[in-house]
Structures are given as C-alpha cells and as structure tokens.
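In the two complexes that follow, chain A is the common piece, with chain B as its partner first and chain C second.
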Partner chain A sequence: MTTTTWPAVRVRVPRLSASAIWAGMRRQKLLTIALGILAVMIFLAAVGPIIAPHDPESVLRETLLDEQGQPILNSQGDPRTQLVNLRAPSGTYWFGTDEKALDVFSRTISAPRVDLVIAIASTIIGLGAGSVIGLVAGYAAGRGRLVGSLAEVLTRFMDIIQAFPVFIVALALVAVIGSGQDKVIYVLSFLFTPIFFRYVRAETLLVRELTFVEAERAVGNPTRRIMFNHILPNSVTTATVQGSAVMGYAILLTAGLSFVGAGVAPPTPEWGAMIRSGVELMQSGQWWTSVFPGITLGLTVFSLAVIGESIRVRWRGSGLRGY
Partner chain B sequence: MVTETPDATPAGSTASGEILRVSDLTLHHLVEDRLVIDGAFMSVDSGEVLGVMGESGSGKSALLFGIIRLLLREVEQRSGRIAYRGEDLMAKSNRQMEQLRGLEMAMIVPGGKFSLNPVETAGSQIVDVLRSHFPDRSKKDLADEAIEILRIIGIPDPDIRFRAYPHELSGGMAQRILIAKAMACSPQLLLGDEFTVGLDVTIQAQVMDHFHALLRERNTSLILTTSDLGIAATYCDTIAVIRRGQIVEYAPVLDFFANPQHSYSRLLLSAAREARAQQKMDEARVDVERDTSQDRRFVHEDLPAPPDLYTLVAPGHLVRLEDE
Partner chain C sequence: MRKFLLRRFAFLIPQLFVVSFLAFLLIKLLPGDPVLIILGPLRTQEGVIRETKRLGLDKPFFVQYGRYVERTVQGDFGNSIVTKQPVIEELGRRVPATLWLITLGLVACVVIGIGVGYVAALAPPTGWGTWLNKSIIGYGFLAGALPDFWVGLILVFIFFATLGILPAPIGQLPGYIPSLLPDGPTNIDLLDTLIKGDFGQAGTAFRASIMPVVTLAIVYAPVVLKITAVTTTEVFNSQYVTGARAVGVRRRTITRYIMRNALLPIVTTSGVLYAFLLGGAVLVETVFSWGGFGQYTVDAVNALDFNVIQGMMLVAAVFTIVVYLLIDIIHYFVDPRIRVSTVGSS
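Right after this comes the complex of A and B.
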C-alpha cells in the first residue's frame, strides 16, 4: 500500500509570555486583584509570624509602662490598665494594640496561618472524602438490592447532615469534641463532605452510563479501575470548581466559631476571635482592634469568592456535556 | 429437521478447534417484556470470522453482550450455555469474568472517540487494560508494549498518538485505538459490535483490511455484527442472520450469498439492492470469489441448534423453519 506523505504542518500553540499574562491581567482586573490578595494571604500563612514586628501572642512590655517608665499594675479591677493597653494606630503599632496589649498588626498578619490552614485543610479533606464516598454511592446506586440500598442510606445520611444549619451543627460538634485548630478542621471537613459528595455522586450517575465506561469494561478493566481511573476523573470537576467557594465559606465559619468563642481560643491569633475582642471597645471609640482583622477577613473571603466565580464561569458549558 | 448428510467433510474445511460454543441463549428484557435473544446458538472455531447480520434492534449487540456477560440491568438471562474453550462461562463469578475479559475475549465497541475516556490519553488507556491483567509488570514496560500494540494495529506515529487525548484524534484513529485496547492482551476471541459504522468507506476498508490481516496472522476469532453486506461478504467466513432475536439462517459465507434460503435473508439482500448497494455487493462477491483459493472454510457439522426448528440445507447451512 502506498501512502502519500504530506509536509508536516506545525500548529503554533501560543506560548505563555510575559506580555500575554499582562494582557490577561488587564482584561480581568478583578480576578487579578483577588489572586493578588490570595497570594499575599498564602505568603502570610507561610511567614506571617516570622515577619511580624512584634510577638503576636505575648504582651508588649512597653505598653505596660506609663509615661515616666513606671510599671502600671495589670490588675483586673484597674480601669486604667485596659485604656493604657489600648494604643491607637501609630508608627510603632500600625494597627494599634488591643486591650491585652497585643500588637494588632502582628496578630492580623499571623492569623492566616490559622484561618487559611483550616480553610485549605478542611476543603481538601472534605473534597477527598466527599469524592470517594460520592463515587461509591453514585456507582452503587440502583445496583442490586443490598448494595443499592446501602448507597441510598448513605445518600440520605448526607442529606440529613445538610438539613441542619451549618453553623449550629459546627457549634454543637465543637462543643462535643473540643476546640482548637485541629478540631475545627475535623468539624469543617465533616460538614463539607456532603457538599462535594452531592456533586460527585450526581456526576457519577451521569458518567457511569456513558459509552466509554461500558467500553472499558468490555476490554477487561476490573470494576475498581473503572471507578477510580475512568469515572472519578470525569466526575470530580464540578466538585473541584466549588472548592474555592467552599474555602471562602470555611474561613467565614472558622471566624464565626471563634467569634462566639467556640473555635480557636485567644491568644492564638485568629481573625474571628480578634473581632470579638474589640466589639465592646468599638462603642468607646477604640475601633482598631476589630476593624483591621475584619477588613483582612473580608478581603480574603472576597478574593476566594471572585476566584470561585471566575472558575465557575470558565467551566460552564464545558466538561462532559458534549459526550 | 436436521437431516444427516453423508458427504460430511467438504474440501477446505479446517481442523482448527472450536473456541466458542453457544447454545439456546435466551435473554429477556424485563422492562419491555420481550425476548431480545431467543434461543441463539453458534459455534466459532479459532481463526474464524462470524458475521452476525440483521437490522437495528434485531438483537445483534445484545447477543455479543450476552456472550461476554455484560448485560444491562434490565436484561436477564433465561437460559443458555456459553462454553469458551470447553469452560462454562455461566459458572464463572464476576471476578473470574473480569479476569477473562481482555485476556481471553474482548469487545471492540463502536463510537470512536465517544467510546474513549475523554480525560485520559489513548496510551494510558491501553496501559490501564494491560495493568489490569499484568499487575506485576512495570509501567514503563507496559507503556513500551502499548506503543508496540499501536504500531501493530497500524497507527502511524504511535509515540505521538500514545500521548494524544481522544479529542485530538480523528474518528478513524480513535476507532483504531478502540481496536488496540481490545487487542492489547492478545485475546483469542474478539467481539466486534458494528465498529466501522461512522467511518467513511475508504477508512473503513483500510481499518478492516489491516485488522483482518492481523486476525489471520494471530489466528484470532472474531464475531462481528454488521448491517453492511459488503463487510459481511468481504471479511466473514460464516454468516448468521438474526431477526427479532432469532437466528433465521446460519451458513458459510459463500453458501449464504450464493443460495440464501430464508425469506428474511433474501429480503435483506434485496433491500441492499434497492438501497443502490448492488455495485458494492457485486464487488464484495468478486472479492469473495477471488479469495476462495486461499480462503479457509469453516463448516460446522454439529451446530447446537434445536432440530425441530431448523433445517439443514447444506453442510453447515441451517435455516429456521418459517412460521408465517
């Protein structure tokens, strides 16, 4: 058989150059800002406590001295102490100091290590657990009386978890297993699992009926490989797209739990707990203890929401719909 | 009535052993409450190509899925014996069947790129099949073998296609990948489900010619469902015509085209004529006639058909009694 040889045509794939990135950034200003904020927060989570100008967890000695350098007694009943501890934002204490004489700026930039780590860890654990359980439940649904019913029970159990108000369940669980960074991660992972479970289960129900799955079986792939190598990669996309939004939600929940005193306890720097500590002071004019962590928290959640929305828009209409 | 013919062994009949024997296979669709396959039988020798012909909805695909034991949830098997190399497939567990699929028998599905996992490269899908059956071998080793398989299947630039995703492949190329996946572990029996449908005629001929030569070379058997008379005439050794789940005629290919006995078979052939496929059919006939010198003939003397329903009109040529 003779074959004609055609001259090779090279398709030019646009390279990722600096100017291309710059053009993209100009086109998507909001996304660029959001990514910038998130990058800063991740950077702070890594080095925040190290670059902080003051120790975020121990009392500043100099605030405990009065103008003459004499120590001021930090007794509970002394009204002077709290007022002296609270210093307005200045060149030394950029965000001021709080009522315990802790530097607000140092604490604000140290908090991502707590808040962001909780958010990322709980989202990843939730995504992992939700995906695997969702895959199993979706694949087993309607297959055999026993297996099918087990999948159904699993699905209804997930529905039950989601039926309760998230914050109330989080509070109750923290009350049971105790507070602290690791406990909050467990609780949030548990609460996020059903979210990802639903997406993956729904997609699995769709993907498992596609022709290529039957084809994989007909050439001799065992069930386990079909589930994890062929169905899961096709059904996990929607859940992953939700990851960013869920992460923002996780930060809000963490801050909320700490705000009501159930999450991460002081003196560990955490935005929610910091906002809480300044609530009464707002009325007497010492606004800085709440406002600065509040703004940082807001910016972080905002950036995650923008990123999540942007990913969602990009994915809309793509994926497996054509198949 | 099966009448015994004295001149039982015609010249050209090969002595290669029987690889698959199916008898009285009946599949019932629970939702539609009808028999998708009604008392099907067949006997396939190693190296034989059996063409299952029939209109769409006649049960061609269901027959193949029944043999490889991948039934839809709504389909249950009422009766039947499927023996592969003398082993009863009905007695095998799901796990044993998983082992058997790919290694001993595999199915070539139609649909080109739509039958390939869209998020995995063509090569790694073949590696997946190999890994299912050879878990001890290294990934590198299996990847090399997968590229070799692609080369054997007749895919140009196998290294590049190995790394390609299904959407980067043309329809013909994707169909060849599907063939490569089925043939990865060198199974002895292939089940092809109208897998050249959707390819244009020249590509179809190219794919089928190469594939057919490969089957010859490896002495692999193929059960091919098709509604294309040209393909049936060119590549099949034996033809089974199926209508409403029943095999109405089962014959060596030359006997079938020269002397179709059942009214439905004749209808099928004349329908093709009306569809202006006459020329193609003549070509196919010429092909068959030209090939006969080197053709191996498979004549089954002991087809497991119920004698009260079928008449033997020639050696290995059974016709179902017409009830209307």
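Right after this comes the complex of A and C.
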C-alpha cells in the first residue's frame, strides 16, 4: 500500500495594508462613501442623543422674547408662539427649530437610534424566522403526505401575504397591535419573513439534492442536524445578501408609518414623524423642519442600497450558486 | 386561448377566499369589542346584548365568517363607525380618485422609463453614453432611497410656496369646499368637470394633479427605467439582433425585434409597480389631501374603524390580484411560447 504525499502548497494571503485599503477605496468610491455614511449613522445610533447640542425631546429652555423683551411662554393660545418657535437655521440651531421649539439638528442626529434599530432588528428577526420556516418548508416539500402538504400550505400562505400591498398590510397590522417602536419592529419582521422565506426555501430545494447531503445521511446523521448544520448554512446566502436592501426598505416603511401617524409618535425623534410635522410649514415656506430629516433618511437608505448592491455583485458567480 | 383564460380565472376563486379569510381574521384580532366601539360610552347592558346579537357576534367563528362572505359577495361591507355611511359607498366615491392618480403615475413612469431606458441601452459605450448610463444608475439609487411623501413636499415647497405657479396641495380641486365638490359619474374631479363641460374647473383640477403625478414619476420611474435598460441591452447583444444588423435589416424592424422581446420583463415590472403604487399612494395622497382611498385608509386605521379596515384590505388585495391577472393575460398575448405550452399540456 502506497501513500501519496501531496506537495506542500504555499498560499499567498494578501496582506491588508493601509495602502491596499486606500487603493480599494479609490477603486470603489461610491461604496466607500456609502460605508462612511452608514458608519456615521451607526455611530449616531449609539451616541446621537448624548452628543446632541440640545435636548431632542423637550422644548428649548431659554425663554423666547418678543419685541418688547417680554418672555413669550410656550402656550397654545398665543398666535405668536408658533412663529417664534420656528427659527431658521443659524449658528446656534444648525437645522433650525420646529413649531414646538425643538432643535431639528439634535432630533435628526438622535433619530438613528429609533430608525436604524427598527431596521436592523426587524431585518434580523425576519431573516431568522424566514430562514427557519423556509428551510423546513423546502426540506419537507414533496416528502411524506402530511408533511409535504403542510409545507405546500405554508408556501401558499406566504405567497398570499405578499399579495397584499405591503404598506396597507403594515397599516392594518399597526391598527391591530398598536403603534410604537417595538410594535413597528414586530410588524416589519412579520412582513419581511415571506421575503427571506422565498429565497431560503428555493435554495434548500436545490441544496438538499446535492451529493454531500446524501453522504451526511448515509453516515447516519439525524435529520435535524442535516437540516440545521449542513443545509441551512448553504442556503441562507441569497437571503442574507438581500439583508442590506431590506434594511433600507424598513427605514422607508417606518418613516411612512410615522408620517401618517401610525408608527412612532412624537416627541420621540424619528425621521418620518419629523417630516410630518413640517407638512403645513412647507406650504408657508419654512422648509427646514422637513428637509433635513428627509435628506438624512435618504442618505441612510441610499448607502444601504449601494452596499447591498455591491455585496450582491460580489456574491454572484461564487459559492454554491455556481455549482 | 379560452382554456388558458378559464384556468387563470378559476384560480381567482381560491385566491379571493383566502384573501377574504385573512381580512376577516385580522379584524377578529383587533383589540376592543366592536360593539362597545359602535355604541360608544352611553350604552346600556341590553343595548350591548341586542347589538351583539344583531351583528351575529354571539355565533361561532366560522358561522361569522360565512355570514361575512355572504354579505361581502352581495356588496355589503357594513357601515363605517365614524361616518355611519355604508363602506361600499364610501369606497366607491374614493377608490376612483386613487386609481386615477396611480394610473397617471404609472403611465408617466412607463413613458419615462421605457423612453430613457431604451436610449441608455442603445447609447454608445463612450462619451455621453457612459455619462447617461452612470447618471441613470446614480439616479436609480437616489430615487429608491427617498420617501415619496418627502419628494412631494419638496415639490410643494418649490412650485407652490416659492414660485407660486402650481395650486396648493389641498385636494383634486383646490378652492372648493369638499361638500360642494362636483358630484359626477366617475368620482374623479378632473373627468367629472370635463364631462360637465366646465373647462375652467377642469384646468384647476389638471394643474392640481401635476405635482402628485410628478412625485410618483420621480420616485418610481427608475424601477421601469432600470429593467428597460437591462433587458434591452441583453436583447441588443443577442445573436439574432447581431445577425439582423449584419445582414442589414432596417433600423425600425430591429427596434421592433428588440421591443417585442424586451417587453415581457417590462410588463411584469410595470404591473408589480402598479400594485405597489396603491400602497405608495397612501402617503402621496396624504401630502396632497387627495381625498382618495389612501387617506380613507389612514383615517380608518387611526380611528380603528374596523369595517373600513376590512373593506380596504379586500379592495387592496383584489386590486393586486386583478393586476397580476392582467399581467398574465398580456404575457399570453405577447409571448407565443405560453400559447404553445398550454396547447401542449392540455
């Protein structure tokens, strides 16, 4: 009996040096900008309310004075209140103040803690639930009579959920379970589950037929281990790649819900609710209360879309998709 | 042909059943007793029992669902709790305005999308062609990232508040009190005023529809644009187009070859976009006080008006199902392969 000895192969791992990173950044300018924006947003989600120059949730402490130097109290009845509360962007209030005398800049940079957390949490929960259900549905499809038809029913059910217009379902669900940050997370997780379910189920149907799965079964692995330890890691890729785009979508949906008063309510700083507070003001020319949160929101979703797209491009043609 | 349509229509029935069941189930999950909401705080014990009996809420779940389906099929969606009006009538007044808005929006998206996408796909890969394609990609990312309602507000700020050339975002016919709005056959103010021959009002209604339609076009045209550019490029680089060009087929004929083959994904995408716009219109309608289905939905959700919520879920789902049906029928006519495969399989 002869043993074959393989010649030693030296694999050159490229060193991650500062100049290599710099070259990469120059090659992928758009992606670099997107990653930069996202990093800023994540940073703001962590410390936004702490570094904000003014309290994002309560009115300015300093009293506003009228022409005679008399203090104007923040009373509902005084018609001057709204005009005085609203201040155009200046050195003190970079993005101006809104009709309740809240500092728009402080609120804008505090909002990622609400919007980004909703986006990340709902995407992760949706991805988790969608993956597990998709794995089970894909593995069970066409198996035994009962299991197979249960999987079929599950798949049809997911299709039907997707037949309803997303935003309208979101509104209806918020009506059922109520509004607020946690409720929005539940609603969005529910809506995202079918999206990820589809990808994982489709992949599972392919992966379960591969030879290595047969080999795992031949050596006596229990079904559960084959499913979760061997098939799942190979079938979540396409779904995970969608994660970034879904997160951007989550931010848009959250803002939309808050915009119609069904998501996160003021005074909690949230971009959509802030844009809503400026609806009438945009008609009378005070643009700053709506414009700044909209731009910040747009930049965040834009960066998530760019990152998602470049991950998608990178992933195509590698991994199991190419077998 | 008939066989394909019959089979496709037969598929509608189970779909509608499941959709109606989900709409029913959702309302059952609503917090709060509908009887208490209907009767309000000034209620008596007997009143509650009588109302519960009248609505059949003392019956088992599936009996209730059966009654619900029976009523719905007859066009009875119940009454709104807020306005006490039949939901079906209110929907009839409001849905046309929304359909009108999103249809105009879709037409704008398709015209812009196919036009620009086609030019971009056939543009030379140098000079202005590169520039055009790059800007389209950038614009696509940007438009996809902006909330439609925010874009609408920016337009209001520019064209109403600053320039003053378009009417205020206060409905389909700015300057008229809602109760005095023309009551016409279509419930779409622009069409109704035209039918009545009142061109002055029709002009106002036309100007009022510019901003909402442009908003939808700005935000959603890139969806059609992208798919047009991608599929047209693909078809353009295919061997049969290269062959046709090599043997000197006329440009117009080649354009027809390309469009015919690029059309299917464009039709599908436009259809999906149409269904999506019904949800998206909710927000744009709110900005422009359009008074359509979207605003009705928002009011109903905020007031927990359960009959209206149920009705709007049903309308939204039926709309989606009908749009998908239309996509399939268009595919049938555009793509001869479907015809062959249905003949073969039958």
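Here is the rule we use: the second predicted complex is superposed on the first by the 302 of 323 C-alpha atoms of A that agree within 3 Å, B and C clash if a C-alpha of one lies under 4 Å from a C-alpha of the other, contacts with A are read in each partner's own complex, and residues count from 1 in each chain.
Here is the rule we go by: contacts are C-beta pairs under 8 Å (C-beta built on N, C-alpha and C of every residue); 3 or more make two chains touch, one makes a residue touch a chain.
On a predicted model such as this, the values are computed, not experimentally measured, just so you know.
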Item to complete: After lining both complexes up on chain A, report clash or fit for chain B versus chain C.
Response: fit
Worksheet, complete the sentence: Rounded to the nearest 10 degrees, the Cα-centre angle chain B-chain A-chain C in the superposed arrangement comes to 100
Worksheet item: More chain A residues touched by chain B or by chain C?
Response: C
Worksheet entry | Partner chain(s) touched by A:His230 [first = chain B, second = chain C, both, neither] | first
Discussion item. With both complexes superposed on chain A, which partner does A:Ala46 reach: first (chain B), second (chain C), both or neither?
Written reply: neither
Practice prompt. Name the contact category of A:Val279: first (chain B only), second (chain C only), both, or neither.
Written response: second
Practice prompt. Look at A:Phe259 in the shared chain and tell me whether it touches chain B only, chain C only, both, or neither; answer first, second, both or neither.
Written response: second
Discussion item. With both complexes superposed on chain A, which partner does A:Val313 reach: first (chain B), second (chain C), both or neither?
Written reply: neither
Worksheet item: After the two structures are laid over each other on chain A, how near do the C-alpha atoms of chain B and chain C get, in Å?
Response: 19
Discussion item. Quick check on the output: what are the common chain A residues between the chain B footprint and the chain C footprint?
Written reply: none
Worksheet item: Along chain A, where are the residues that touch chain B in the complex?
Response: 142-143, 210-212, 214-223, 225, 229-230, 233-234, 320, 323
Worksheet item: So in the complex, which bits of chain B are touching chain A?
Response: 68, 70, 73, 95, 98, 100-103, 106-107, 109, 111, 114-120, 125, 128-129, 131-133, 178, 181-182, 184-185, 187, 191
Worksheet entry | chain C contact footprint on chain A (complex, rising order) | 156, 160-161, 163-169, 171-176, 178, 248, 252, 255-256, 259-262, 272, 275, 278-279, 282-285, 287, 290-291, 294, 297-302, 304-306, 309
Practice prompt. Would you pull the chain C residues touching chain A in the complex into a rising list?
Written response: 15, 18-19, 22, 26, 29-31, 141-142, 144-147, 149-150, 153-154, 156-157, 160-162, 168-169, 275-276, 278-280, 282-283, 286-287, 297-298, 300-302, 304, 309, 312-313, 316-317, 319-321, 324
